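The following blocks contain the structures, represented as structure tokens.
Okay, so chain A shows up in both of these, paired with chain B first and chain C after.
After this line comes the complex of A and B, so read on.
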């Protein structure tokens, strides 16, 4: 298909979505089996993965029937065993019943030993159910079909998470299957208040998305907002939760994520319990969580599984390294070219010595190295694994070492760039860790042009921008701006679990209390002073 | 939209409201570590700049050529004023001079005697490039230029060597005070106190000291050392205080941090030494019959560090006696210093300040001819010293030996 054809198709599709009136009239199934089957074949373009199996029911006055499904989407075992075997049973005792009762009712009520049976008479719905991986039984003479949930086929096993690794904590990650993912959450929260609301998004992909929240804890205003925004999406395709994220976020023009995502069930569950809402999208292990606060991206699930002193220290470390990853190169440029008086004398002499013979100004030098680093990083990420190592060797040894020895960049620049790069890996959430990669270049150019003044103007604008951000109406920088001291207990530091007794105020506005008082462990009274 | 425009103007206003703003690549900057000011015979300023050659200083591997050249180069320029020379030097130096890391300012003795410091120090305070923390020293019996030309093996940058030496000796020996540009300007602008500056002198041959080769000798033939304190009157150098006199002045000014007191304890020229670890000085003024009187209370304490005389240091009586002796040792130094200052009619100690603070009314009348009053006033010195410990030994080795013999 060439480019023009694709454009034309797209236009057609657009037109179709603009005038949905022909789709609205409900087409009903025919009574004749033959006609139905021909129509199904016709509609699905006689795809090779479409399976249609004919057979006859009953022995005395056999009725024609057919099972329709798409191989690969259904669980073969289920499809075979439950549907086909059930239909084939030729029990003499049942024979009498067959003749008396309506064949359709018998099949529906007696013969099928599978759960989740739905009657479908709407033609469009029927096609959808087939495409959704369900098995359809059509009987001659009835304009209704029995659909059975035999969804299955090849899905990925539950594996260890590949992002947000922790030393201690559950080693379970979400998979691409929405059913598995919901189940994983249910296993953690055995409460009737856990609500799962499913809907399909995307006119072509019909992607299942599930809204998961805990009733009574969730902020109803945010919940309404999420539903509103999800319903507003009118697109053809949703392939990954990132697509949904882009359609429902508050502010489109920001490098900072206003929606949290995780492939760790424990992280999502923790957020649900704080009153947040999870959006699970079929086909991706990354589950969205809203509303998201800036500080949330620096929390790792393992903070809660280890000693709170260590957890707090690590969290501070992450925040500091985030600041480092934004500021270091620009501070280096500003100090060396504008404010050498702020550098200790012997360090300055050493810097000057290293810079002797380097042909570029510091700003150019740092920009070159930062850019190179970004290229290496991107290349290492996209390359096949076997080649990836080669990239890192070439990148680290050849570029780093050789650039210094050739006198193109000074060793300190390499140290600064490397340090910045490593600091940017210390953030537990990838999507907030990438923001500095972009901001860094802006800061560096400002630092090169205006020195510390430029750096601080950039910081000022950055903070103003962060303050202006909202995640589903919740201020992004809360609890710092607006200032809510009560919510500080789980931000820069993590206070001990027994003092985390209330939910974040803005996130969850009802049912704020989380635990009883007096959970702090202490030696038992019996031993006290006796 | 209007809001956007106003925000833009506010931000734009900020960009033009900033202060000093300059862009200089590292390789375009010449770091001046030390500056020397002398006087030529035709009454011009001769200013020397000690500039670092960064490649020669650091020990890193990747810094091009190392170790072959000298770590600093001293350039000299003459001019009618100091600022002129900092620009005229561009005929010799290919880079912009940066004074922000300057650690010493050396003034030639001739300049200090003939030219008033008021003229010299104006530039150092007015010009934005200087740090007020740079030390000011006097080149004793030599030119500032030669002091800055001597290379030094231990610290690659001679100016830093001078600065660090000065700081160190002020801390552990106490004879020569470290005064920086800020202190000097403050003292110069006060009318109740005279300025005193430490001297730095050249030992050995100057031409030898300029060569890098001489850093290969274990015993350097020429080097720079701190010696004595120059006394100023109205911004001009009047004379020098040396050794104990210099320390006497430091005692009065409460500038002793640590020092060593030595006291001859018997006729055989044996000594006992204590380190002063802590000391305070309090000045108080009183007026008797219209004449001012100053009382100097000094209190010091510290351990005995060396004892070469046969004294039983476990005996409290002996310790009390030693306290007295060390105290009078301090007293002697102070009296000497005060005597010299009074002879020269230079109030180095800020006695005028003390009188002014306690008796402001009387001060008004004394102010006019304070120098005369100062030279005649009575100064009472009370000193106390307390030995706090006797080190890791109790009895001196020599005492133990004579005991064993008995």
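After this line comes the complex of A and C, so read on.
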């Protein structure tokens, strides 16, 4: 560990000495319009989607003006209206003479009346605003530009979520546009305390990243930490929130996610209300939520929309199926190979009979089948939808049944592998459900080598690793380890909503109370007597 | 010392896992035959009283481990010598526990696996967990404690339902008088209750010092009760003669449980208990040896010692005895009377008396 840190530090130092960060000198716009336009064209490489429109203001002694924007990024209607309203005036010069006002001021005032505008005189900033989808008005003789937010262009409609499906609950998913996503959250939380802080990450992509939290509920320490880590990112490109996730997570060497993600606004809003922080990244519908606890990945938004008894039962089912998906194949190997005395006799006889014609030891059998299963799974996922079904037919029928008939594997092995596979689909969060796929192989090998002892050793290592993880300083396995009984309300079971009266203690360290006491429904006294 | 804190619950859990450790499988009280439970009870009582000595010493020097305050109390040289003695003791008992664990596992289920392999895997796992530090060990303990409780509850229920227990086996009480009981008490005290001396190394990590006794006494009490329960279970299921003569009475007893052919061969539960308990017992002794060595020889980061110590413990665990019988007889006689009793009772009392005199003499 120390060794890697040292290496990393050395690399950092090397990088710093090789290319010292360029001093940021503020280049100001020129006064002449022509020069400005040439420079813009130069800098943007005269791209075909760059639109420059010339105008002449006034009739007597016309003043030149230009509008610059990038065609695909702006909303045409908005841009045209903005241009028309602010430039197509009858005779601004006359008006200027009449009111003794500067022409620039007139245009600015008119622009202001239809859009919120920003004055830019810094050259780099100007380029950035153009690339961001804003419309820029330049006037000859002035070294300032009027920029208006006319962002638009084609974005995807709001659709139903394709992951984390629920039977009951809102059918809205985030989209790729950060503005829409923030608005979706705002629609749920109509509180002035909902804060949105935007910043750009990535020196080339300049990806908009918004930090959303509720002031007063959020854990300030975690918030500071998130900001610190976001500011520390110095990379060229951020394409998806997964990239941000990898740069800000606590422990890089782990198969378990320490940052939650969701494309469901209701899930994110629920987390915000518990005192967590959302990181929305432009260009992806998947919103990050920190800090994330292990147990959080087993909670589905629908747990809160349906009967709490059913919700609790389903939650327990998910956790059990997660444990099954990690342990089953290795326990099967350990018991059949090392501890046959622990299997009831009649079952053992039938197992032995099935295994009779199979030439491989159980460990090889299971490894082959697990590996095949993983391939079928991945192939089914990547194939075009029409072909995907063919893959599953080939996988299930041909490989499964034919392998048994050919005497390559025993039927029990197929059952074990299939059961494990199905169990791993029961987890609501994809990114924690993939961890066992990797760990399973490790456990199988240890089980094949040392039986139950190997499984136990793997469990010790696994649990010690899990307890050592932290998500932004919050222990990953809390409230189990460290043991916080007060936070058990909403973990393995979900207690009724009226008894969920406090937020998780470690996540939100202030303002823990969520609701008044006495929300438990009961028939009013009037009805009791009759 | 690393900058870490454990809370009262974590201490409680660690003590229970430690006390049950290997003792639950090889019950030391059984040489008192029918009155084994009495022997364990007396061992528990003495252990609880003696923990008070460790606790008072800790409250006198709340910032120090046993190594630290023995230096404060006995002076530079004598204190250092006492420290070295304890360091070797922790290491030695860690070695013995690893050997115990390996012997138990090879004898119970892994008849064909070399002892060395089993020990090597165990010490590697312990080393891996310890490199995360005491906090992670404590939290891992919390998770496995839940598992242990679950397994224990299921096992006990099964035993009850199976109806194998015959409580008349325990009668008459004190058939042979007090003699056998009293001669067994040193054994039941030193193993496992007297081994609480190792927690003097962990107490300074507590977030609130007064939790030391509030967590430790209930934990010792509960684990003592569990050990008594297990000994009673062994005797009532197997009968006193088989129980006293079998190497792993609990394994044999649980193995007899058979409920309508559906729930049988529950010895997997015993092996699980053994693995969990053994792991924590070895880990705690290993950790105590690590931090005492780091403190004695002024090593700034104890984590650097983990790998060399693992090798030492592994090789010593192979070399410490020529066979299982040799190992066990050494543990019963030599270790109990010549190592455990002086280290667990003698030196702490000397320390306490000297500390009290020093406090009386020193002007306030």
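In the analysis below, the second predicted complex is superposed on the first by the 488 of 530 C-alpha atoms of A that agree within 3 Å, B and C clash if a C-alpha of one lies under 4 Å from a C-alpha of the other, contacts with A are read in each partner's own complex, and residues count from 1 in each chain.
Everything below uses one rule, namely that contacts are C-beta pairs under 8 Å (C-beta built on N, C-alpha and C of every residue); 3 or more make two chains touch, one makes a residue touch a chain.
Keep in mind the model is a prediction, meaning the values are calculated, not measured.
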Worksheet item: Overlaying the two complexes on chain A, which is it for chain B and chain C: clash or fit?
Response: clash
Worksheet item: For A:451, is the partner it touches chain B (first), chain C (second), both, or none of the two (neither)?
Response: both
Discussion item. On the A-aligned overlay, A:338 touches which partner chain: chain B = first, chain C = second, or both, or neither?
Written reply: both
Discussion item. For A:349 in the superposed arrangement: first (chain B), second (chain C), both or neither?
Written reply: first
Worksheet item: Of the two partner chains, chain B (first) and chain C (second), which one does A:411 touch, if any: first, second, both, or neither?
Response: first
Item to complete: With the two complexes superposed on chain A, say which partner A:475 touches: chain B (first), chain C (second), both, or neither.
Response: second
Worksheet item: When the two structures are overlaid on chain A, which partner does A:463 contact: first (chain B), second (chain C), both, or neither?
Response: second
Practice prompt. Give one of first, second, both or neither to describe whether A:434 is in contact with chain B, with chain C, with both, or with none.
Written response: neither
Item to complete: For A:483, select first, second, both or neither according to whether it touches chain B, chain C, the two together, or no partner.
Response: second
Practice prompt. Run through 114-122, 150-158 or 330-338 for chain C and report the one that clashes with chain B in the overlay.
Written response: 114-122
Worksheet item: Same chain A residues contacting chain B and chain C, which ones?
Response: 338, 341, 450-451, 453, 457
Fill in: Sites on chain C touched by chain A in the complex
7, 9-10, 105, 109-110, 113, 117-118, 121-122, 125, 128-129, 132, 136-140, 142-144, 146, 261-262, 264-265, 267-268, 271-272, 275-276, 279
Worksheet entry | Residue ranges of chain B touching chain A (in the complex, touch as defined) | 11, 14-15, 18, 21-27, 29, 31, 33, 52, 54-58, 60, 62-64, 98, 100-101, 103, 131, 157, 160
Worksheet item: Which of the residues in chain A end up touching chain B in this complex?
Response: 336-338, 340-341, 345, 348-358, 361-362, 404-405, 407, 411, 450-451, 453, 457
Worksheet item: Residues of chain A touching chain C in their complex?
Response: 338-339, 341-344, 450-454, 456-457, 460-461, 463-464, 467-468, 475, 477, 480-483
